[in-house]
Amino acid sequence: DTLQTVLDRGELIVGTGSSNPPWHFTDNGQTVGFDADIGHILAQGLFNDPSKVRFVNQSSDARIPNLLTNKVDISCQGMTVTAARAQQVAFTVPYYREGVGLLMLKGSDYADYDALKAAGSDITVAVLQNVYAEEMVHQALPEAEVDQYESQNLIYQALNSRRANAVATDLSTLKWYMKNNAGRYIDAGYSWNPQSYACAVSPDDQRWLNFVNTTLEEAMYGVEFQRYADAFEQWFGERPPAPQTGFPAEMR
Amino acid sequence: MTPIVEVRDLHKRFGELEVLKGIDFTVAEGEVVSIIGASGSGKTTLLRCLNLLEEFHRGDVLIGGEAIGYHLRRGQRVRIGEREVARQRAMTGMVFQAFNLFPHMSALDNVTLGLTKVRGMPRPQAVELADHWLDRVGMLKRRDHRPSQLSGGQQQRVAIARAIAMSPKVMLFDEATSALDPERVGEVLETIRSLAQEGMTMVLVTHEMRFARDVSDKVVFMEDGRIAEQGPPQRLFLNPESPRLQAFLKTSSF
Amino acid sequence: MDWTYFFNEVVNNRDALLHGTAITFAVSLIAILTGTVLGIVIGIAVTYGNKPLRWPARLYIDIIRGTPVLVLVLATFYVSAAVGLNFNAFQAGALALTLFCASHVGEILRGALQSLSRGQIEAGRAIGLTFDGIFRYILFPQALRYALPTWITAAVEMVKASTLLSVIGVAELLLTTQQIISNNFLNMQFYLLAGVIYFLIDFAIEQVGRFIGRRLDQPTRRTV
Amino acid sequence: MNYHFNFAPILEQWPLLLSGIGLGLLLALVSIAIGSVLGLVVAFASRAPSRWLRSLAFTWISILRNLPILVIVLFLFFGMPQLGLSLDKITSFVVALSLYASAYMAEVFRGGLLSVPQGLVEAGQAIGLTSLRIKRYIVLPIMFRNALPAFGNNFISLFKDTSLAATIAVPELTFYARKINSETFRVIEVWLVASLLYIVCCYAITLVLRAMEKRLVLEKA
Amino acid sequence: MTPIVEVRDLHKRFGELEVLKGIDFTVAEGEVVSIIGASGSGKTTLLRCLNLLEEFHRGDVLIGGEAIGYHLRRGQRVRIGEREVARQRAMTGMVFQAFNLFPHMSALDNVTLGLTKVRGMPRPQAVELADHWLDRVGMLKRRDHRPSQLSGGQQQRVAIARAIAMSPKVMLFDEATSALDPERVGEVLETIRSLAQEGMTMVLVTHEMRFARDVSDKVVFMEDGRIAEQGPPQRLFLNPESPRLQAFLKTSSF
């Protein structure tokens, strides 16, 4: 019974990574990021003290094994929910909906997504090298030139040196960049390729899963919204839509 | 008869070192002059001055009556321009100790290069002339060989053809045989001898005393940048006047 | 151009730049040292080995020298993981550069050894030295002298090649520069700065090589 | 190791691999052509009578030889637009490689020039050739022939350096190798095939150059 | 007196080419033997067999009574191991045409190397012995010079000291003077002569006929891989029996 074990221990053990801002990265020796804040929200729910959490650094392919061997109580590490994975672990409710967006330089020749699309093959989009990269960009901008680079770094250099008119990248990364370079970039205002990020716990522990789900839902739609929204704003540079009173809209 | 080569009070200095200290001599048309002397006495330098491969700083060199290398402008000696130098060089034909054939060209092309590029001769005519001279030096059969495919003696004969094909007024030979294997020396000397017999004007720097004696009309003995003695070979070799020449002849092999 | 901003950024990022330079030094040094040891073995095998030794060594040299260093770096990084070797980027990169350096040194040593006259080997034999002794006392000390200037050129090559590790995420000087650029967008200035630093390192090595090359009295080559 | 090799998914992509090699060869060829012309100028400058020209030539060589080619590539591609010079990726790469090549070719040609004996120049003078013609008919042809082996080595180096074009999204062999790698995850096979293709190409270039050398290089007389 | 060197029916082949076709000769203690013959007759090869620098495939070579290079195992000739070969090589001292000094070492170190590394002598003792021999060949004053700082004749004298310091039973000289400038030949011959006078056993391959005549106890004339004639120098040089030797002596300079 994980919930009892955690309560007895007086500390929550969260598995996460260390090198992927804004999700989880190290700053002055502390693990920080949106994933880390989800851990703090859970600790608040467990002990009424958000600091009672310990982060275990794990590589992304250790996410599932560490759960199954009880090395961690929960993995919160930007994990995309897929049916195949759900057969091995239990996913919590999603706490973020990831997608792909287009980042542009402020004051560039094209105002927004529609302008990019209208420009047809005149524009170049920089993207991280990947098999599906070209196809993925063409879903949004069917005629654009696609330049594939080897690292995140080079993509942004391409944009900044105006080698590319836009960068196609994860929404979260896009927002993080915009937040950290206020006034430099704009979002073209179009996103596609949705996928859900959720924490995962060991299967067969319904009570623990229920607890985590409840805590997360109340953070997103209920009493703890303030905490969730602050974290969201800190890492993504904007506030999530506030829950409305009356009918619980998420049930719609 | 005006001389083909006339050297007057020629001085040449390398930096501090004065190598030619006032040379006077003439070569008449059809004459063969040998220059002998100890190593370092200035023979090569003198020959190179005649061909303008070295500048000289005092005196005159006249080839066919024309002063070479310099002209007077407002009483000053002025070095002439490059095209003029090139033209004047072609008045003499030079044969080097190290052959200096162009290694990337056949024997034939070595000879035609000057004819087509300097004389401006059309190629068929140049080839005809080159063939004539290659035949004369006995190298016609090897006209399409590269220098690397020829023996030293054969290379030197091609080099002679290359020089003489330009119809120079005078041929200059700088120890043309001393880089050769002993058994190759004869063929080159033979070639030179036959040119001499046909009346070609020549100046030879040589260490082959016997050859110098047999072939020359005049022998010039140089000693430390000066001409110590000159005259017909019979007199010079049999009755050398200066003790220096006597000593020199004693150490030379015949 | 705003140079004050640039200088401020240089000062702000001095620790990162120093760290990157240190990594560049470290990885180059590892590659040169271990690569030299390995390369000496290979060079000896190629020059004096019997067939079963000579062939693999020759093949090694030809294969590594026929492959672009970038491909070598990428291949080492990905393949080492695929065969279950748990190298991080730094280790994989250092390994790739080491392999590269070894092939260079092997070839350099072969050239140097072969330029030594056979007569010396015979003279060594004639006074009763075994091959071991001939190599230790006669061939190797001379080969070192011949090879030293080229070896130092190879060291410069290693420093230059270390930039390729940026591609697999080793935070050496170039990747550090790129990271800084991604924050301040001073592409030109910081690439220029990186270029200057690399130039200074390489130029210094080159000058040391020149100096040593001049100091060493080169044994006269004989082809008897 | 019971790894099951499967080359099919890689070899299926042969048109990509082939086009990658083709582009690499083309980049190397164009770069060495431009680099040679520049290098020749620098080589002559390095032996010019003017002291100023000479030190300019040596500075040029020293700087370019001591810079990592990747830094030059990135500087030109990402840095120069800041000065308003935004060449497209292929042009920009060719410029980088040509500059780099020019330093090496300058050294090659310098060696070649030094290897032309002074006696040949004098022989040319003696038959009345002007200095321009001596350069054209004697010095340059001999220099090129003497420089051929070193030229070949440089060409192979440059061909290998074209792999760096992948970093600025130029689709040559290394670029496609990475792409196929991320698609098939046949890591070992991909890199084996890529290295092999490079090695085979280098070897083929060597053979062609050897044949040329045999015809052109001058044996010692 | 047992001979120091005994060669019996020695055959040596390079691939198809048989270079030594059955050589028999002996060298007694203190004897000086000169080997003469035309170029390509096999002189160098014979000498190199005595030093095991070449393998031979038939016959025996005994140095000081010990068969070198091979031993018999179950009636089969078996090449001996490397350490054994090295030890046997040190029984003879070889002086090469091209000197072959180690260029990275001083004259002194060239001599001490074998003493310390092969003989295992402590360095001070090796230096003392080396100095003694360097003095004997007149090179003590140059003991700290590198080979590149020495003239050819001086290098060859160091090479002689290097070989003889190992106290070989016999010294082998392969045209020790033919790579030298004419004016340097004398100093090396003088050194060899004085060693001969002190009773050193020596085998010399040489083209210096006058020297061979003056210094040798026995002269061996080789012709196409065989010994055509041998005997005391007076007889061989004054009354050659075979027409081959007569012809050979005619073309050789004294």
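Before moving on, here are some points about what is shown:
Going in written order, the chains are labelled A, B, C, D and E, and every chain counts its residues from 1.
Just so we're on the same page, a residue touches a chain if its C-beta (ideal position, glycine included) is under 8 Å from a C-beta of that chain, and two chains touch if they have at least 3 such contacts.
No experiment lies behind these values; they were computed from the predicted model shown.
The minimal number of chain-to-chain contact steps leading from subunit B to subunit D is 1. Contact with both subunit B and subunit E is made by no chain of the assembly. Between subunit A and subunit E, the least number of touching-chain steps is 2. Set against the C-alpha centre of subunit A, every other chain centre is closer than that of B.
Of all chain pairs, the one linked by the most C-beta contacts is C-D.
One inter-chain figure worth recording: subunit C and subunit E are separated by 46 Å, centre to centre, where each centre is the mean of the chain's CA atoms.
One inter-chain figure worth recording: subunit D and subunit E are separated by 53 Å, centre to centre, where each centre is the mean of the chain's CA atoms. Subunit A and subunit B have centres, each the mean of its CA atoms, that are 91 Å apart. Residue positions of subunit A touching 2 or more other chains, listed in rising order: 150, 154, 157, 160-161. Residues of subunit C in contact with two or more other chains: 167, 178, 181, 187.
Every pair of chains meeting the touch criterion is listed here: A-C, A-D, B-D, C-D, C-E. Interface residues of subunit B facing subunit D in the complex, by the touch rule stated above, are 51-53, 82-83, 86-87, 89-90, 92-94, 96, 98, 100-104, 113-114, 117-118, 146-148, 150, 155, 159, 162-163, 166. The touching residues of subunit D, counted against subunit A in their complex, run 74, 77-79, 81-82, 86, 89, 166-169, 175, 178-179, 182-183.
Residues 167, 169, 175, 178-179, 181-183, 185, 187 of subunit C are the ones touching subunit A in the complex. Partner subunit D is touched in their complex by these residues of subunit C: 62-63, 66-72, 74-75, 78-79, 81-83, 156, 159-164, 166-167, 174, 178, 181, 187-189, 191-192, 194-195, 198-199, 202-203, 206.
Of all residues in subunit C, those touching subunit E in their complex are 117, 119-120, 122-131, 133, 137-138, 141-142, 145, 217, 219-220, 222, 224.
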